[in-house]
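Take a look at the structure set out below.
The first chain written gets the first letter, and so on, giving A, B, C and D; residue counts start at 1 in each chain.
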Amino acid sequence: MAGNTFGNLFKLTTFGESHGIAIGGVLDGCPAGLEIDLDAIQKELDRRKPGQSAIVTQRKEPDTVEFYSGIFEGKTTGTPIGFAIHNTNQKSHDYSHIKDSYRPSHADYVYDQKYGFRDYRGGGRSSARETASRVVAGAIAKQMLAGIKINAFVSQVGDLRLEKSYQDLDLTLTESNDVRCPDSDMAAQMETYIKAVRKEGDTIGGIISCVIQNVPVGLGEPVFDKLHAELGKAMLSINAVKGFEYGSGFEGVKMKGSAHNDQYNSDGSTKTNHSGGVQGGISNGMDIYFNVAFKPVATVIQGYETIDKEGNKVQTQGKGRHDPCVVPRAVPIVEAMAALVLADYTLLNRTIQL
Amino acid sequence: MAGNTFGNLFKLTTFGESHGIAIGGVLDGCPAGLEIDLDAIQKELDRRKPGQSAIVTQRKEPDTVEFYSGIFEGKTTGTPIGFAIHNTNQKSHDYSHIKDSYRPSHADYVYDQKYGFRDYRGGGRSSARETASRVVAGAIAKQMLAGIKINAFVSQVGDLRLEKSYQDLDLTLTESNDVRCPDSDMAAQMETYIKAVRKEGDTIGGIISCVIQNVPVGLGEPVFDKLHAELGKAMLSINAVKGFEYGSGFEGVKMKGSAHNDQYNSDGSTKTNHSGGVQGGISNGMDIYFNVAFKPVATVIQGYETIDKEGNKVQTQGKGRHDPCVVPRAVPIVEAMAALVLADYTLLNRTIQL
Amino acid sequence: MAGNTFGNLFKLTTFGESHGIAIGGVLDGCPAGLEIDLDAIQKELDRRKPGQSAIVTQRKEPDTVEFYSGIFEGKTTGTPIGFAIHNTNQKSHDYSHIKDSYRPSHADYVYDQKYGFRDYRGGGRSSARETASRVVAGAIAKQMLAGIKINAFVSQVGDLRLEKSYQDLDLTLTESNDVRCPDSDMAAQMETYIKAVRKEGDTIGGIISCVIQNVPVGLGEPVFDKLHAELGKAMLSINAVKGFEYGSGFEGVKMKGSAHNDQYNSDGSTKTNHSGGVQGGISNGMDIYFNVAFKPVATVIQGYETIDKEGNKVQTQGKGRHDPCVVPRAVPIVEAMAALVLADYTLLNRTIQL
Amino acid sequence: MAGNTFGNLFKLTTFGESHGIAIGGVLDGCPAGLEIDLDAIQKELDRRKPGQSAIVTQRKEPDTVEFYSGIFEGKTTGTPIGFAIHNTNQKSHDYSHIKDSYRPSHADYVYDQKYGFRDYRGGGRSSARETASRVVAGAIAKQMLAGIKINAFVSQVGDLRLEKSYQDLDLTLTESNDVRCPDSDMAAQMETYIKAVRKEGDTIGGIISCVIQNVPVGLGEPVFDKLHAELGKAMLSINAVKGFEYGSGFEGVKMKGSAHNDQYNSDGSTKTNHSGGVQGGISNGMDIYFNVAFKPVATVIQGYETIDKEGNKVQTQGKGRHDPCVVPRAVPIVEAMAALVLADYTLLNRTIQL
């Protein structure tokens, strides 16, 4: 209810504030008998961690996950998997610019209004640091979903947009550059642009695209919990996300039905895939693909005027080491959330037929 | 779990197939003591019902709702509100074109794959007829949310796009035309266009925009159940929806943080509203606004080739009386789903502080 | 949340007041492809219905269930099963003795306090009439659980206690008498006693025992949702229930561990069954057995003093046709709730192992 | 779903195996602004911890809880409270008697059947060690429920039964002896008896009674989630519990309605309290009282024959330091679970009326 749990059968609950003692979570419902590759989990965390390249925040956090339960002799036991990532970067910052004033387009103001007060250190619970816990659970989900391939990548930064269809990209190149864009030329342009934006003390938005291959037919529930509705919620729950579209998306509204409809081949596959791999909320076996829009990071290293708790105007400035563009580090988060959704529906689908 | 329930505290469960005996639902958790305006509920149903104008399906269904429980002496009792809408239009259609073959971009194929068989009459559970139950519950939610104004309207049909900002529109005009577009000129163009598309036996997509005013600060949960994430899921769960964006949305990715950030006035309101009324997943008291993309209706009255259950090619054609464009009738559905989300968070918000 | 839903995967939501238009429910998550025996469902309702014998209330209600959805061509479709039982016995009673005063040991007072007002007709939502909806869903659960045998029976009425172990009873005799006690002699004594109590205008309590045979190993979840914990909750949620014990129960507290422990046979079965078929919250394949204590019905046809809404003393008397002893009619309710629990865990168990 | 979460609005999820790295949990939904008394939490853990007296297991575990999140400047923030208790007693035991064989009346066999394998060390997840996490969350719940007094105490050990009504006991004496029985004479007898049982290498069962005072009217939901049903589930979810009864309980079945009914005083209180403070599933403001039956601990230090995984007979013996009687240490667990139930319903009750 309080919104810190995701999933029903494959269920993740997270806890932790940015600068508290630890963040972490409990993954409940992971089936017993899954061999866990701990290195693969840490590798996903490393894709998300700060300080990994020149175009992300230079904050240092090793983000080492400790597992407390639920794994025995290398395999999941069917009992809850408790884990924690201790915050090593809790040095006594100067938080005076946050403590008593509200940074624009951050959650400071609404937290104070909703809860009466807040843990202001580093954004507290509203920090995207929480997503590290999602990446841990998502990495386990990926291992459970062995055959399914989830490929997220950066397709837009500011105005720089990768116009190619995903079919024309080599998705194995995503990790070959710091931006995580599978087109080297575009990646280079994006990198140069992000550096320029950072130099200005500013930030810029972007889009992550995701393609999911080898999805079995039948995942997703027909009414409120449509597969794409849950994917949409999953993505919109990631910090800074402003939009989600799948298949033909917003462009599809301009099409006529006769052109938009995906005609069947005799094996049940479709000749086109405007549906984006989902029909009536249920996967149809074609590739699932979707776009996720991220706004520019709110923390800019430029002076600005804002208000304090009493509504007085105060002059302030972003401090610390922040991301000029969030999308390179958000790629593994998008994949993790997609994996959590698919894992949940995979288990649920076992209960559908007599 | 099986996906027919929406909400946690203000919780709607729906049932019913397009051509079964009745559709309906149970609304649980509606607080006691709410005076129910039954006419207002029926009016919302009338906004959604078939046959209401020249640009929607000419099928006739009175869509009269019967309440079975939970309302006594004109007020909610705090017990579940059970209701049903009997299907009056169950005449013995010829379903042979649906029964054994799969209509492109419909849910026929995936239902058969998922469940082993399906109620093929009129699309069964996958029909948008189910949304009538949502409108009933949403109408009750609206009554509970008295002060909050939820205004959905059609902002795009095909390429015809209303470029004005919602602040420059008179939203009271939405119901003044059949398209439900608050700009009369644009509404006329859209209507002409929809009629032309119908004449071709084709269909066209569109966008519904929604503006929610007078939202109190503090609605929404900070992590997985962010207000906009739940709104997004709610919208994506409506039949034919392909995308959702709020605030600056997909366009916002092109902006820099310094421009995107919403500076505060001394009363906590913001000078701009790129945030779309939500910060960190929690309402900040500014207008909430979002766009919902609808694909063109899949049922086209044109001949096409598809496959039957055995994968054989069959020649077929859409029959019956279908909508050439879904958005005019979907306006009350968008509002209903928004109302359900807000009602749920309104109740939850009572539990947040000591 | 508001407590009108039971189960997670095999999930029943009920609605309806005693003297409203209809009671009913939605059963969501029943797997597709189950052939439904409608007669068997009605037969279960008939075991619960008023007026069925000389020792129950003589109120007349046919309790005919109508199914609105989720069943097609005789089989479940995997979509929600909506159903209703219209109340035929809504004649304009004189409710003055209930409307403004609080009957002792009824829910009148607490409903008014909790909700601000109440539907006072026949007890409204607090009436055991609601359990008819449970019997409908339970009957479907029974059909899904084909191999499992759920046998509830009356084992005590007042001081009249069936001392025999269930192994020494012929459980097929339960339906051979009006009391639903599988021992004919004891049944006759109980029947005589109940009639005598009724003649006094009084009521008497009783115990229902339940034996579940052929349960597969592995049902139940190990911590909060132990099989017996959920069974316990299910039983305690039935009107008038005051206690639940399984296996050795309250008597078991007097035993030493060396005597209480159930030693294994080489096939995993146990020589004794103090565990009651459940170990660590999980079924072990042995018979599950438990007892459910029902208090005497609160409505007595004797004059008594009580209070009205203002706290004034009022003299009143039970009216209408009430059960002198609730256990004969509660036997199918106990079975229905047990079936709902087992159906839910049966589905969940499909998700436990990789 | 997988059963490691308790509560809806005040929601505890626990993790951890007896001899894993740590046990712990996440408490989500605790309202913001609650001042947390950490010493009081530790004190509750100390009431439950091993080695606290001569009549419990002499195993040494400090059971020190660390909080990771959700508490800031001494108060809850409204975000999830993550906590862990590291297991210090993980020395390399000899588990050969458990690893390959099934201890009678333990969960060894069913875990292997359900999950395919198990963490056999010290009982793994099935160990009552998990309840320490419940005590942590329950202690927070108690602090939230400031005015409500929850008093559990031992009322029976083997045949030794405290016959006095709770009104005739001084419940402040519960902590004055190692048994936690508020009657000194009976406590002394029980203590002597437990020591004798332990000397035999055997164990004995017992009953914990619980009285809850100052409960506001209106807690509990009317149908499936009746207050006593949820309390019953909470208690039955505690290791070794075999039965639950409240108010008149199993004895009440022998009473007639005219005697059992609780007549009202003019202030809404009742002259008697056979209802046990709950009517129609909703608290009525009178004392809530109930009994919880605990079977004798299954681990006996006596030789016995059992089976191994292949069904071969093996001769074995309980090892280690186990409780001869579980009830003294279970008193704080009963209180914790009661507190969790009441906290959940307290929050839910804020949403019931308009």
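In the analysis below, a contact is a pair of C-beta atoms (placed from the backbone, for glycine too) under 8 Å apart; a residue touches a chain by one contact, two chains touch by 3 or more.
Source: prediction; values computed, not measured.
Traced through touching neighbours, the fewest hops from chain B to chain D number 1.
Of the two interfaces, B-C and C-D, the higher number of touching C-beta pairs belongs to C-D. Note on chain placement: the centre of chain B and the centre of chain C lie 39 Å apart, centres being C-alpha means. Once the centre of each chain is set as its mean CA position, chain A and chain C turn out to be 46 Å apart. Centre to centre, using the average C-alpha position, chain C and chain D are separated by 26 Å. Shared interface positions of chain A, defined as residues touching 2 or more other chains, are 1-2, 4-5, 8-9, 14, 29, 32-33, 78-79, 114-116, 125, 222, 348, 351-353.
Contact residues on chain D toward chain C in their complex (touch as defined above): 1-6, 8-9, 14, 102, 104-107, 109-111, 113-116, 125-126, 130, 156, 158-159, 197, 200, 202-207, 217-218, 221-226, 228-230, 232-234, 236-237, 239, 242-250, 252-258, 260-268, 270, 274-276, 279-284, 291, 293-300, 302, 304-307, 311-313, 348-349, 351-353. Interface of chain A with chain D (complex): residues 1-2, 4-5, 8-9, 11, 13-17, 20-26, 28-29, 32-33, 66-70, 72-73, 75, 77-82, 84, 114-119, 124-125. Partner chain A is touched in their complex by these residues of chain C: 1, 8-9, 29, 31-34, 76, 78-79, 144, 222, 347-348, 350-354.
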